[in-house]
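Shared between the two complexes below is chain A, which pairs with chain B and chain C, respectively.
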Partner chain A sequence: MAYDIPSPCDLLVIGTGLTESIVASAASRIGKQVVHVDHRNFYGSNWATFSFNNLQNILGSKSLNKDSTKTVEETQNLNINLNSNTICNIVEKWYLPDEDVQGNIDNQKNLEETINKVPKETLTKSEILRDSRKFNFDLSPKLLYSRGEMVDVLITSGICRYAEFKNVSGIYTVDNVKRTLLSVPCSRADIFNSKDITMIEKRLLMKMLSMCVECETKPEELKEDEMGNFGNFLNAHKIQGKVKKYLIDAVAMATDSTNFHDAVKNIQKFVRSIGRYGNTPFLWTLYGSGELPQCFCRCSAVFGGVYCLNHSTQTIVIGSDGQATGIVSDNQNLKAKFILIEDCLNPVATIKSGISRAILVTNKALTSDQAALITFPSVNSKDPVRILELSASTMVCPQGFYVVHLITHQVTTAVEDLKEAIDTFFTVFESNKNEALNKPQIIWSLHFNINEYNSPAGMLPSNVYSSPGPNSSIDFDDHVIQARNIFKSMFPDEDFLPRVPDPEDIILEGSLEDVLEESKENHKEAQNIHE
Partner chain B sequence: MEDYKYLFKVVLIGNAGVGKTCLVRRFTQGIFPPGQGATIGVDFMIKTVDIDGLKIKLQIWDTAGQERFRSITQSYYRSAHALILVYDVSAQPTFDCLPVWLREVEEYASPKVLRVLVGNKVDRDDREIPPAVGEAFSRMNNMYFIETSAKDCSNVDKLFQEIARELIQTMRNQRQETSQARQPGTIARTPIPMTGPLVNMRQLTLMAPPKSPGQNPTAASLDPPVL
Partner chain C sequence: MHGRLKVRTTAEQQEIKAKERAKKMVIYKTAMNLIFSKRKSGELDDEILKITGQVLTENPDISTLWNIRKETILKIKDAMPDLIDSYISKELALTEQCIRVNPKSYNSWFHRSWVLDQGSSVDFHNEFLLCDKCLELDERNFHCWDYRRIIVQKSKTSLENELQFSTDKIQKNFSNYSSWHYRSELLPRIYPSSSDESLLDDQKLAEECNLVQNAIFTDPNDQSAWFYQRWLLFNGDEKFRTSSSHSSLLLTLNNELESCQQLHDLEPDNKWVKLQVCELLRRINGLGNETEILQLVQQLIKVDPLRKGYYTYFGNSTILMNLKKKIKKEFTSLILNTLIVSGSKIVEENQEKRTGQS
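Coming up: the complex of A and B.
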């Protein structure tokens, strides 16, 4: 059952991360022949979502990969960098007894039950792994602004029909001294009902929000502040205390030193997004953020895109004119007009920075929300840590568990960068200790770093594009914009992801012809009768 | 908007060339063969069936060719109410692949999904898989079983009719259970019930506001945005 990969094609995409998948769907959508390959056996590359078992398999194969060396051929062709360890510094920890111990406990339990004692509440590793598929762990968890670029493109393209979402129900920052959560009021009603801030503070907060939103229409009013950073701007307006924390940590998703314009843009997006689907500006993708690249891939496939996972790619072939002519993939020459390659595979890309990530499974919630976004503010001019706490209703874990994602900019390693935030809110699981500490306990944790790459301009043939992998921002919008730019640069006069016709409105060639022929025959018959 | 009582999502899987698209086209449009290229741009097909006087809308999803290189997106399986696994009775390899497909189903589809095994192309005289073998496999894997031919149309309507009937039954049973067990004020988390026109009761489905007036009843009662 050999199926041929179409060659030549219009666009060959290497890697099934988000940016690549968006471009692939946009090109298929306007009738271009797209071939989309990935050497991995799963969708999403560094944006993927894994069940417990799949994650363990991936981690296993990662460590195996480490020793493999690449043979570099001395040709003008570019070798695709399959061995880049984009995900590194992996530390996995269980805080539970494993199955051997469980056997004993089970016996013990039975024994205890027979003598009518209350059985001890225990939890084991194998019990959790039995529910493997109910866990959905994101490598790169992200949220959608309800009126951001991602939601826009999902709606206008119709691709939203492939996914489901839930509102993030709470947004928090952290009190610097007490180290407790501070709920950030989002809507006007929330602000005026808040018991955490005074009436004067409420007015100030409202005033600042209006000012930032209005500077879209009245930019002249803010001229004097434009030079400075966001922290200076707030100081100039005598904004302090909780209001300042709300604005910097949550509303602007910024730090003191963030450029004023970027902060204001975020504030505008935040305010605009409130109330569209709920009380906070954010949506979470059910089953994990890794669903989204797949939604775009499905759209591409529906419009004729050809998908090959588990398909290794060796080199980008360069023609005599310096343009790429195609790639060598599984010893097959695939010709293409354009090539898009994710930057961790890009032969000329260099590591520019990284993301520090942790995934925790806990037994208790920090908040009462189905999904919560917590900002652990910057300490010692490090970047803030964004924490996502997700409950079972977001389809990332079984009932009774919580998945916590921590994301920050990499300084040293994930373990060190996130230690303070984790220690503040969580403790490790110890089955024989009483829960006197009251903190959620960590049952399992995974730390890792994801590299971010720089693709220097002019180093690739002009028909080869490099697309960015995940960054440390909390939303997808940068990547949607970059995907659109790549698409526009390949196909300047074409629409970017126009609406997909509603399947119920499609009249298919076959059926229409049948109907026409039938009506023609009926017509003839009618004429015959007449004659 | 067309009037119907329930909407169910049915997805087809199985090796390339076993006749998945033909089954869908035969059922929804009564045509065979569907003609190549016609699948471009078609996400799913819709057909309303009548079960004991109830109008049931079936949304039938095809693989969009992603099965050719074994690259089906996991999201394809999510929220499916019924899953049809198709093999070709005249091609042993398509039958041998069934366990691989089932592993994927176990991993990504809801555990409550209705699973149907279909041996297609029974019109052919070069059959390799006897009905008993298919049936035994289905029984072992706790699936429904039927043999069809998209070409001569045998059992095609029956396949989908039975699925609709079965899904209604499952839903009725579940509804009874949940209405007894449910606490007032909590939201049912059963995967099946989807009442009314495409309003997903469980979670947000993104819809463009002008296309969905009043689709999000909670949004209307919320306070207006800050400014």
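Coming up: the complex of A and C.
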């Protein structure tokens, strides 16, 4: 090996997904030596964000889950599961002609046209691919609650300075009969201004919201409702019609049958988050959610973490006492006190369920928002489909295009699970289609499923931890909590991502030698990041 | 240890702060001495503007310095009237900076409006932008609301424009007394009633009632909306009673009563809605609704015991008012009866006379 990986280290992390990256940065932050490896050649694992070309290369090479042909004989050790097909049922479709039929049009002019407006006659696949880098497609797009766990940890740790965010500007649900969008009033001002609901409904909605928020401090008040599900609870309080839809589909992010407590917790988080950064409770990460794992990795590297991408791992070596001693990675023995492995690589994990995903590129917006969250409510007791519509101002596509993400719990395959929602709002692109048809047209679509795993307790050595991959929820908070729990169980007495001091409070050593020494060390760190 | 940073302790931070403060003090004292000696010798020049400006950006609340600047500006205006506009724009820049330091500085806002009167031409667009910005940061900054009224007057901006501004502010956050109050000033001027110019047009009144009802139903604990509703309905009470639009007002009051009672059913413990129901009942028919009003007063005392005296007074004054009405009524009927009785006697006497004659 040309480069030197520190061995033994305190924590060895396999996979650069979000949970792994958070734990890595937290450990580095308290001065632990962290080695973070990934067999893939990109950061983020199943949370990554890709440009058009990168996505196509990855779909082509299937390097999302690189096959490992090496077999290891030692039976005591655990073989790392590199060929699990975490991302499957991939269906990619173009609704555009392949080549520019009109021949040699000046490239520059074409590009400008694409930027200004979509000229239907000249729009071709090659033209879109020319703008490949302006597209950022998330495998697992998620939002941040403005007063949720993720925002808290980003602020306290100072990691927020590595990323930029924009407020989601509109939240919608869908009318069951008419299949039209209903704008959900989020804040007090929205409710006051709403023309969709009556004054009595406004009162009931406000009353329900403040009741749910108050029961945070006075839990005894809602005791009698604790047994039932959320739908019954709303019925008992005479909440019907649109207000019920708003509360279930958007505010509580729930269904009729959701447990009362979970729904109320979500409502509390929703209400708390309103008004901190804007009128809705949610933030979107500019350039895609895949930025966040990278931000945490960067923080880890700044505090001495060593990063190796494209570095496959074969086995977890288990010592005579049943504890893991390290891993074999590219025929090198790396020793570590603790090992964290993402669950899709975990040798003992089993598939629990899955997420159905679709990514669409469209030529027209459903809403007038820079970023909108739409809930397509559950039909036939299926889970609701969450739809994120992102405009160019969220840095995920060029002007004139929109990226639409659809996320739901997997029942059959992504194509089938999401068909109804897609057909309701979109139509496929045809260059001669009548303009009067108002639905946005799909230019390109990608469907896939992501597996979710179960890591049975007690099957791994006690110093090996398994961290969860993406789930179908709309926010990151579960993963932040799990990362904190993993960290706390490894280092029970240490602070989880404490604040990074402000530059003016840092005392640099006075003498020249010390300053030089420090700059050398910084240089080393920089090299580490580079690697 | 690797990766650990040395961070200043709070004691060290405090020491640094104390040193900085001492240094500032020295600078401040020298500057003030210099300013006063210059003024004494009548040196009202660019230098005194520069020094006062520097002190004021640190502390915009020294009225004396603002007054010295006014003196200086007036002197320059006399001596070099051609140059005054460039001095004015410097004053505007300085006050803007001071407003940034303290958005509620009386002196800065006042100096700014004084400066506007000194120049030959003012770019009011900029002034409105400044107001918009300040009111965005603090929507209840009354200094800025006042300043806005001054520039509206000076620039002769249309009142409709200002009404729209107030609507926008209320749509953003209706807990805004300043904005509701601004509306109450603007509305009768833009939409005067046909019968009385100081009152609001009927149709506009209905629209405003609807707007404020939405606010009340959204948050019945917010008193700004209740106060505005009170102004809408009970403003010019006495005039209404004698005016021709009495019946249309009664209709409005009855509508409001109906929706207030709906709200009362939903919020049985809310004191504002109880009080408003009382007020409405008293105005619609104080005499007929007396028992209901007195019941509500008792409930009010229970839910809001701190204002017991106020509610008791309200109840008593209602009783007194009704008593007056009763007495007036009885007195009138007494007189009428006497008149009728005496009238009929005269008729009888006349008839007797006639029969006697015949």
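The rule we apply is simple: the second predicted complex is superposed on the first by the 471 of 531 C-alpha atoms of A that agree within 3 Å, B and C clash if a C-alpha of one lies under 4 Å from a C-alpha of the other, contacts with A are read in each partner's own complex, and residues count from 1 in each chain.
The rule we apply is simple: a residue touches a chain if its C-beta (ideal position, glycine included) is under 8 Å from a C-beta of that chain, and two chains touch if they have at least 3 such contacts.
This is a predicted model, so every value here is computed, not measured.
In the superposition on chain A, A:59 makes contact with neither chain B nor chain C. By the document's definition of touching, of the two partners only chain B reaches A:287; chain C does not.
A simple residue count on chain A separates chain B from chain C, and the partner touching more is B. Once chain A of one complex is fitted onto chain A of the other, the partner contacts of A:501 extend to both chain B and chain C. In the superposition on chain A, A:202 makes contact with chain C only, not with chain B.
Of the two partner chains placed by superposition, only chain B is touched by A:151; chain C is not. Contacts of A:186 after superposition: chain B is touched, whereas chain C is not reached.
In the superposition on chain A, contact is made by A:303 with both chain B and chain C. Shared contact residues on chain A (touching chain B in one structure, chain C in the other): 188-189, 191, 206, 303-304, 501, 506.
Across the complex, chain A is touched by residues 15-17, 25, 29, 31, 34-35, 38, 40-46, 64-66, 68-71, 73-76, 78-79, 93, 106-108, 189, 200, 202-209, 216, 218-219, 222-227 of chain B.
Within the complex, the chain A residues that touch chain C are 28-31, 188-189, 191-193, 199-200, 202-204, 206-207, 303-304, 501, 505-507.
Taken in their complex, chain C has these residues touching chain A: 1-8, 13, 171-174, 213-215, 217-220, 259, 262-263, 266-267. Contacts from chain A toward chain B in the complex involve residues 1, 3, 43, 51, 54, 133, 151, 154-156, 160-167, 186-191, 206, 209-210, 213, 271-272, 274-279, 283, 286-287, 291, 294-295, 297-298, 301-304, 306-311, 393, 500-501, 503-504, 506, 508-511, 514.
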